[in-house]
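Take a look at the structures below.
Paired with chain B in one complex and with chain C in the other, chain A is shared by the two complexes that follow.
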Partner chain A sequence: MPQHQGARLVLSQGQAAAILLLPFLTIYAVFLVYPFFKGVWISLHDWNLMAVAFNPDAKAYVGLSNYERVMWGSNITWGAWASPAFQFIGLAGVVASAWLYRTGRAGKVTALAMGGAALLLFVLPGFHPGEGGRWYDRRFWPTVGNTILFVGLAVPGVTITAMLLAAALDGETRAKAVLRTLFFLSQVLSVTVVTLIWQIMFSPRQGLIANLTQLFGGSPIVWLTAEGFAMASIVIATIWWSLGIAMILFLAGIQDISKDLYEAGALDNATGAKAFWYITLPNLKRTITLVVVLQIILHFQVFGQSHLMTNGGPNDTTQVLVRYIYQTAFRDSELGRASAMAVFLFVIMGGFSILQFVLGREKDQ
Partner chain B sequence: MNRSYYWLILGLSVPAFIWLVPTVWMVSLSFQPNELLARTTSSTALGLIPIPFTPDNYIALFRFGQVPMWFLNSLIVSVGMTLAVLAVSTTAGYALARLEFPLKTPIIILCLMGLMVPEQAVFIPLYTMFADWGWHNSHHALIMPRVAVPIGVFLMLQFFKAIPKDIEEAARIDGVGWLQIFWYVMLPLARPAMMTLAILTFLYAWNDYLWPLVSAQQREYFTITLGLASIQANFAQAEGLGRVMASGVVASLPVVVLFLIFQRYVVRAMTAGGTKG
Partner chain C sequence: MKHVILGATALTLLATSAVAQEVTLGRFFGDCEDAGTDTSASVGEACIIQSIINAADAEIDGLSINTLPTDWGNYYDQIVAAYAGGTPPNVHVMHRHRVPEFANIGALADLTDDLEGAGIDPSDWEPAALEAVTYNERIVGVPMDIHANLWHVNMDLMEAAGLVEDGAPILPSSPEEMLEHARMVQEATGQDYLAADFAEFPIGVRVALALIWQQGANIFEGDTATIDTEETRNAISAITQLFDAGLSNPQLNYADSQQAFLNGEAAVLVNGTWVVDFYAAEAARDDEGLNSYFVADFPTLFDEGATWADSHMWAIPSPVKANDPDTYATALQVLAFINDHNIDWARTGHMAVRTSVLESAEYAALPHREEYTGTADIARDTPPSVRYGAIQDALNRELQAIWLTGKSVDAALADAQSDVQDLLDR
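For the complex of A and B:
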């Protein structure tokens, strides 16, 4: 066998694959797979960050009691009207998804996922402490509720605005390209820049919005510290920040719609808003579902807006799940409980990721 | 072009202008003197035009303070992470897309499952691991966790899968080894996909907030994104509004310039990152 190049030629496919895969798989195992299982392991321990840092044996196996301390309480009962607002929306969601499926407006997977989420929304808020009972952790479920509220406001806001903009900005002209760039621009900024801008925009003394209201003779609103407005403020900042990707996905979806449909519609006098309602919207169903699922995954992880703009306040009204995990772990040093919450977050996110994967698969076929 | 088209563009310019106002305001404030801003932020046209104008905030930024150092940290972390992600993703993506070997499907499924794990689900155990190793407050601590996220592998896998088989077969007949095919034939073809992945990673690294917040506790190891968060809490008293805004502009400059130059790639990268991970 010739020495000069033979040495490399004898590598079989399997050996070459091993060499090429080894760097990634090593890093993957050390920095993702192992930490994931370690996180589950920590959640089964009473684990104080400071104590364990000084003495590695200062942790104790406690089974599932962290989960119990976070999510459960004493004397918990279930009622159909314990939290009427959430439960009504949940019930309405179940009915709506059944109706959408029966009338053929939504596919099987979409209807099942929607129905399942709505059912959870009906069942979960029904749990409440009975007489003399209390939650072990008073802040956990309200925090989850705030996160869902944030998602429930930001996702429709982004989706509807992005869809209307995409419908208006679809086209090859220079002006439309410039406008698309403008609307996408804020998407590349970091969360700290976005919160910096909007903190001062909303400031009652220095803010642009306050200056505007005063110009028209109104008195400025204390956006970030007023209970009714704090959540609205972080939602507005979020919509401003994260419209771009949704808009691009809708543009791609609109371009997939056959131009013949619009020409046929034009013969029936369907142009402009009519064409949008009768042609664009029905053909965008799949894109809408994809964008909504994507946004849910993205916004469920909200942290920076709440951490930097409102500090979770006022009165915990903008406290969100990731910020609560962060504080429990790194301010209160309760790694065990924080990890239990992180596992809870993973389960929810994992569910939506699987849904996204299935939807993506459907699209490919 | 008909009249309704011009009405549409005109009508859309209003929301576009409103959309742009917050950014313009930040830039404008960064060019106004701090003493003035302490009194009023709406001296000319609600403060949207920087009159009176001064570049002092930027000069002060680069003379005192830690912004230049944070900027450099961000650059090191972002470039380092981009190179590392490119290296492991192209190699693994190629192997999974083009080579036949045992256990291939289980490995792909294992990697797919990694896409489900959000950063927030692993940042606590990663913190304890890095603390045990004495890794915190370093650049590699900020880089490594993201290199393990398999988005890049799947982006490259999809790209390599789409390349026709005969390119490889011709090289195989000439007796070229697999690694050489990867290096000399496949990588040059993969440039557009690598570009997309590089931009996706760079943007992520530059803008990431949660992990640097946990891992970098010493101010010398802050990234610009983290540093900006640390000064915005007490902006009015300590540094002056104009200077904080100037820091915000400096922190955004690289990503905005990247976006304006490589707009097509950035849009593709961000949608790919959004839909896959």
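For the complex of A and C:
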């Protein structure tokens, strides 16, 4: 081919990639990377939100003191059975991952990741204030515990419900298409609308649930202010709200499964629930991992449900980490302390992201 | 061509001068659609304040008011964030209890020398109102009311229990007598004696605080928390004895407790001055539930009278005064307009702050007004603190833990004591 004079600028593949990536990287750096490091920087300061706005010199470098004030206490000791339930589960997890690896049921990396997480569950709850000691912030670790409990209830709740719905609604009839849309609709609502709907549902005076209970002769449960039901009520609202995306992911996963498998299964008399158990479920493994990890990361950031439905109560039973960070930063103006908690939350979510990355890679091998 | 340019310039100048000075206004009190501009006809806090704002917008030349979202729940968080971001509203409402938090760092404009020029006469304000807006001897706001906790009474239920004398309810003068009255109401009517929001907002805290103050005690003094005391235990047991005897339900939140009272399911509702006009309107309706309504001062169950009280006030951020004199002057006009309409705001049930209004025949003629004249004398609050919000939350958490989750009083008070001490130490 004849070359034009004053040849056009020819880009190598790498240069083209760099130019095309530049807009994204710029936005990523300005709006995500920079604020992240600024957050870490703020967490090392005594930084009053309002005072610093009026006088930039009102902040003071305090090193790791915010982390200490939030996470540590005076005279903290460690005991193997300080928190038996958690530590037993942790220990059992370590043994289980070793056994899974030895019997070849889990790969090296998976076993290591699981074992590591289980070990943390054994070690961390072991810390407690000794004789005459106390946590500097007695609400932080219970708040972390509430957040983990919320994730522990919401993630299986969403995953199982969404999977069953997806299996039931997979098909080409018009009714199924309508139902799929209906079940997805709740996902598009904002958290304010969702919590408003559920506050009315749970109201002991005018709520649908109270009316149903009374219809069957029971006395209505005061969901949002009863200690045993408050967490359950925000979990129920969350499951209803975040079902949609998980259901769509499962539907996509189910539609990926070859029809031949079901035909072959049907010849061996595996239909309905049997087909779901022996064909659908094993083939959905990757989707399940994806949904579970996405949900874990999402639900660790729970805020609106607790803030708007229960105000974190009663007795702090629904106080969650992001709400605590929010109150510390905006109600109390203690930005440094709040940033330290946010960095802690980042570490937890980072851990789960790495876990997903590791599990995803191993499947590819 | 020259004419065209001149004409265009003249038109542009004309258009520019016609553009109104915009003032952004931050407030809570909730939303009111179609509040209109008739300040004498609106009902309820949200609609009365919005009608005053709309009237200011319509009547003051060259002014346009942009009212920002009016949500209650996160109001102060939003205001703090707006200040921190350098974009606070030009005027905003706030409570007296928040003054230290904002004025402490110089966030509020010093209005002392500019009020008279704007047509606001601070000497007309009641001493308590002037004190509410004064920080370090400078005036940092324009007061709008004094509001306090009252006993809202269903006279039909009280009458049935034999607790009415000379057209007024007989109120208890000790915790023991309150329990006795509660039993009388339940025996006669089958309904609860007392309802209040003990489960959501800190109204239960305010009841407990009033009973603590009535014994001459407080929850902190200076930098020392004084919660874990005999007085606090007395105050709490005065309340929990009703729960334990099934004469009051601690699990009702604000909306539910109010609904219980309006449905005629409770003889007394503890709530603020802000609902007097609303309950009076509800009682006037010809339907089931509340029909005969009376407002009473918070009764004295211990040694001295006391009820929780606070003030709503309007402030201008200091950067507006420092950097934008035109907006500052316009914002002061808005405050003057609100100050002039103090009588309209008092229709909510709040106590007016201007002596001239308090002494007017129009004020005396407001419904139920003569029934709670003693409240101004017993109005109290905790000492000023930059941590007021967090302290209230800590108390609300621990008191709710007592009546909603069965946490022991000893454990709850020990936790409240250490939490509040931590806050005072920070």
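Convention: the second predicted complex is superposed on the first by the 299 of 365 C-alpha atoms of A that agree within 3 Å, B and C clash if a C-alpha of one lies under 4 Å from a C-alpha of the other, contacts with A are read in each partner's own complex, and residues count from 1 in each chain.
Just so it is clear, a residue touches a chain if its C-beta (ideal position, glycine included) is under 8 Å from a C-beta of that chain, and two chains touch if they have at least 3 such contacts.
Just so it is clear, the structure is predicted and the values come from calculations on it, not from any experiment.
With both structures placed on the common chain, the touch criterion links A:330 to chain B and to chain C. In the superposed model, B is the one of chain B and chain C that contacts more residues of chain A.
When both complexes are overlaid on chain A, the residue A:138 reaches chain C alone and has no touch with chain B.
Look at A:111: by the touch rule set out above, it reaches neither chain B nor chain C. In the superposition on chain A, A:169 makes contact with chain B only, not with chain C.
When both complexes are overlaid on chain A, the residue A:290 reaches chain B alone and has no touch with chain C. Of the two partner chains placed by the overlay, chain B and chain C both lie in contact with A:53. Touch criterion met: A:316 reaches chain C, while chain B stays clear of it.
When the two structures are aligned on the shared chain, A:179 is found in touch with chain B, with no touch to chain C.
With the contact threshold set out at the top, residues 49, 52-53, 206, 308, 326, 330 of chain A are in contact with chain B in one structure and with chain C in the other.
Touching chain A in their complex are the following residues of chain B: 1, 4-5, 8-9, 12-13, 15-16, 19-23, 25-26, 29, 37, 40-42, 46-47, 87-89, 91-92, 94-96, 99-102, 104, 107, 110-112, 114-129, 131, 144-145, 147-150, 153, 175, 177-180, 182, 203, 206-207, 209-210, 213-214, 225-226, 228-229, 232-233, 235-236, 241, 244-245, 248, 251-252, 255-256, 258-260, 263, 266-267, 270-271, 274-275. Listed in rising order, the residues of chain A touching chain B in the complex are 5, 8-9, 11, 13-14, 16-21, 23-25, 27-28, 30-36, 38-39, 42, 49, 52-53, 165, 168-169, 173, 175-176, 179, 181-193, 195-201, 206-208, 211-212, 215, 240, 244-245, 248-249, 252, 272, 290, 294, 298, 301, 303-304, 308, 322, 325-326, 329-330, 335, 338-339, 342-343, 345-346, 349-350, 353-354, 356-357, 360. Chain C contributes residues 73, 76-77, 80-81, 83-86, 101-102, 105-107, 199-200, 251, 253, 255-256, 259-260, 387, 389-390, 393, 397, 400-401, 404-407, 415, 418-419, 422, 426 to its touches with chain A in the complex.
By the touch criterion stated above, chain A contacts chain C in their complex at residues 48-55, 58, 134, 136-139, 203-206, 222, 224-227, 308, 311-317, 326-327, 330-334.
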